[in-house]
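Following this line, the structures themselves.
Look for chain A in each of the two complexes below; its partner is chain B in the first and chain C in the second.
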Partner chain A sequence: MKKAQIQLFETIGVLVVFFFLLIAGAVFYFKMQEISIQNDLAQQAHLRSLQATQRAMFLPELDCSFIGVPRENCFDVLKLKAFSKVMQDPHVLQTYFGLFGYASINVSEAYPDKPFVGWMYNNPLDEYRSALKSLSPVLLYDPVANQYAFGVMEVVTYSTH
Partner chain B sequence: MNKKAVDVQFNWIFVLIAGAVILAFFFSVVQKQRALSEEKLAIALSSQMDAIFTGAIERQSTIQTLVTPQPGIAFACSDVCECTYRIGSKSTEFRDKILFAPALIKDQDALAWAVEWERPFRIANFLLLTNPTIKYYLIYDKDDPTTQSPQLFARLSKGLPKELNIETLQYPDRISGLTPQGYAETRFIFLSTPQKPTLESLNSGFAKEDVSGLWIDADGQQAIFYEKRDSGKPSFDSYPTALAGDATAYGAMFAADHDMYNCMMRRAFRQMDIIARISAERAKLLQQAMDAQNPPRAECAYDAQHLTGVAGDAAKLATAFPDDKEALGAIAAAQAELKRENDNLFPQSCPVIY
Partner chain C sequence: MEIMGLAIIVILVSLGLLFAVRFMLKPQSQQAERAKAPVLVANFLNTMLGTTTPCNKRTVKELIQDCALTGGSTMCPDGQHSCDEARDIMSALFDDTLKAWHKDYHFSMSGATPIEAISFGTPCTGAREKKVHPLPVRPGFEISLALEICQ
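Right after this comes the complex of A and B.
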C-alpha cells in the first residue's frame, strides 16, 4: 500500500470517529431535550389543573355571599343549578372555555345527605393522553333551607400531551 | 512551484475551509440554542405570570408586589379588543382576566391591586397593575364652588393603597409649574375639576415624556382619556368614555389607554350578562321553592324581570360599550330596583337575590 493511501485511510478513520461522536452527542442531546420538554408539558398540565381549580373556587357566579359578603370555598346550590342551565348556551360555554379549557368540573354533596350532584362545566376531550383529577372540599349552601352541607368539587383537566 | 509545494498549500486551504465550515456549524447551533432558550424562558415566564395574575385577582383590596421579569411586561389592547401581555417575544392573551395596566411595566416590581366590581351584585374582580416608575397626579379643585371636586377626591383617594406612586395637587393650574422627574410615564388625573384639563399648559420638558391624562366627572358616570399625539409638542387627543362605579374609575386611572379601558369594560359587561342570567334563573328557582312551601310564603316574591333586563342590556354593552348610553342608563335604573327588592326581602327572612 502506498503512503498516500495510508494517509487517506487515516483521514477517513478520523472523519468516521468525528462524525460518530458528533451523531452520538446530537442523539444524546436531543433525547435530553425531549425529556425536558415532556417534563415542562407535565408541569404545564399540573399548573393548568391547579389554575382551573382555583378559578372555579372563586367564581362570583356561584359564591354564597350574604349581603354582598362572599364566603370562601362555598357554592350556592341554586346558583350551581342555574349555572348548569345557562351553560347550555354555546356562547356561554365558549366564554368559559377560555377559563377552564378542556375540563370537567362537578360538585357533589358529601355530608349529611348526599342528594346533590351537579355539573358545573363539562367539556371533556374525546381523545386525550392524560387527565389530571383534583378534589377540593367545599361548602354547599342551600338558600331555601338556609343550611350548609359539606361537598366535594372534582376538577378533571384533559391534555393531549 | 513544484508538485509537493502545491499539495501543502492545497492541504492548508482544505483545512481552512473545513475548519470554517465546522466553526460555522457549531456557531449556528449555539445561536439556535440561544434563541430557543430565550423563547423557552419567555414561554415559562408568561405561563407563570398567568398563574400569578390568576392568584392576584382573588386577593381583593390588598396590594401585592409581583416580581417583574427582566424584559418587562408590555400590555396592549387592539381596537378590536385583542388584549395581550408580552414578555420578550411571547404574547399571551388576557383571556378571562380583567386587567387594567400601563403599556409597559419594567425595571421595578409590579404592584397589583384587585378591586371588586359590584352592580349591585358581585360581578368580577378587576386587577389593577402599575409600578413605581409610573407617576400619578391626582388633581382636584379645592375651591370648587359646587364642592363636587373635593368630594370626589375624598371618595376615590380613600380607596387607593398608600404604596402607589401618587401625588396630590389641590389646584389644576399647578400642573404648569411641574417639571419632568424622569418617570417612565406620568398620568394626570383630574377629579371633576370644573374646567376641562389644561394639559397643553404643561412644561415643555414633558414634550418628549410619556404623558397622559384622565378627567372623571363628579357622578362617576363619565371620563375622558387624553392621549398624547406622536408629535414633539405636548398636544393631546381626547376620548370620552363611560364609568360604572368607583371600581371602573380606578380601572380608568390604571389603564394604558382608552382602548384597553373600553375592552376591559366590554369583558366586564359580558360577565355581568352571564351573572345576571344565572341570578334570574336562581330567582325563578327561589320563587318555585317559596310557592312550594306549606303554607306558601307569599311575602317572598322574586321578580326575575329586572335581572333578565340587566342581562339583555349588559349583553349589548359587551359589544357596544361605551356608545350604548341607553343600555347604560337602563342598567343603572334596574340595579336600583334590584337593590330595593333585595333590601325588602331581608327583613322578611326571605332568601335574598344576591
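Right after this comes the complex of A and C.
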C-alpha cells in the first residue's frame, strides 16, 4: 500500500512538472510571436515612411523642370506654395490619400534665410500609437530670383499600432 | 537516470532563455534604417552642392571648384575668399541639419591641397553609410567629396 502511494505521488509530481513546462513553453512561444508581430509592424511602418518620402520627393506637380527635364531632388517654391493652398481643400487632400495615407509633409528652408515653411500635405491621424519622422534635404528653387535654397522635407507618418 | 532527465530539462530551458534574450535584444527596423541612410547621404550632397550662395550667386559646387583650382582667388561681397566662404556655408548647413538631427557624420574632400583642409564631423568608428561624389574641376582635374553618416 505504501509503495503504491509513493508511485502515485511520483506520477503526480512528474505530471505537475510536465504541465508546468508545457505551459511555460506555450507562454514563451506566444510572447515571442507577439514580439515578432510587433517587429514586423514596426518594419512596415518604417517602410511606409520611406515610401511616402520617396513619393513626395518625386512628385511631378512640384518638380523643377528645365525644358521638360526635371532636376533631381528639387522643389519649385512657386509650385509648392500653390500646391499647399490647393491642399487645404479636403477633396483634393482625399485625392492624395492613396499616395501618402495618414501623414504630414512639411518643407522648410534651412539656408540661407529660413523664411519659407509650407505644408505639402497635412492629414494626421487624430489618435495614433506611433509617429515616424523622416527628414530629407531638398533643393528649393526660386524661379523669380533663379536661386536654389537648402531645404528640409519632414515627413511624419502615423500608425495605429 | 532521473539526474539525466533533469539535466536535459535544464539545458532546454537555458537554450530557450538564451534564444529569448537574443530575440528581444535584436534592434528593431534596422533594415528600414539601412535603406534610409544612402538616400539621406546622396540627397544631402546633391542639395548642398546645388545651393546658391550670397557669393556672386554662385553655388557651393562652384565655390569648391574655384577653391580647388585657384586656392580661393574669387573674392565674395562679404570680403571672404571662395575657400572660406564655402567652409562657412557648409559648416552652417551641417550644423542646421545633420548635427541638429543628432546624426554623427564626417565630411572630407580630396584631390587638391586647398580643399583638403576643409572637413567636418569626426570619422565613424563602426558601421557607416558613405558616398563619394566625384566633382570635375576642369578636364583632367577631378576632386572627390566624401560624406559618411555613422549608424
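Basically, the second predicted complex is superposed on the first by the 139 of 161 C-alpha atoms of A that agree within 3 Å, B and C clash if a C-alpha of one lies under 4 Å from a C-alpha of the other, contacts with A are read in each partner's own complex, and residues count from 1 in each chain.
Just so we're on the same page, contacts are C-beta pairs under 8 Å (C-beta built on N, C-alpha and C of every residue); 3 or more make two chains touch, one makes a residue touch a chain.
Note that this is a predicted model, so its numbers are computed, not measured.
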item	value
First (chain B), second (chain C), both or neither touched by A:Lys81	first
Which of chain B and chain C A:Val92 touches, first, second, both or neither	first
First, second, both or neither for A:Leu47, with chain B first and chain C second	both
Touched partner set for A:Met32, first chain B, second chain C, both or neither	second
Touched partner set for A:Ser136, first chain B, second chain C, both or neither	second
Contacts of A:Val152 with chain B and chain C, given as first, second, both or neither	second
Contacts of A:Asp63 with chain B and chain C, given as first, second, both or neither	first
Chain B versus chain C as contact partner of A:Phe19, first or second or both or neither	neither
Chain B versus chain C as contact partner of A:Val144, first or second or both or neither	first
Intersection of the chain A residues that touch chain B with those that touch chain C	47, 50, 54, 146
Interface residues, chain A side, partner chain B - complex	40, 44, 47, 50-51, 54-55, 58, 60-61, 63, 65-68, 70, 76, 78-79, 81-83, 85-86, 92, 95, 98-99, 143-144, 146
Touching residues (chain side chain A, partner chain C) in the complex	17, 21, 25, 28, 31-32, 35-36, 39, 42-43, 45-47, 49-50, 53-54, 57, 72-74, 110-112, 134-139, 146-152
Residues of chain C that touch chain A when the two form their complex	9, 13, 16, 20, 23-24, 26, 28-29, 31-33, 35-36, 39-40, 43-44, 46-48, 50-54, 57, 59, 89, 92-93, 96-97, 101
In the complex with chain A, residue positions of chain B that touch it	40, 44, 47, 50-51, 54-55, 57-58, 93, 95-96, 118, 120-125, 270-271, 274-275, 277-282, 285-286, 289-290, 346, 351-352, 354
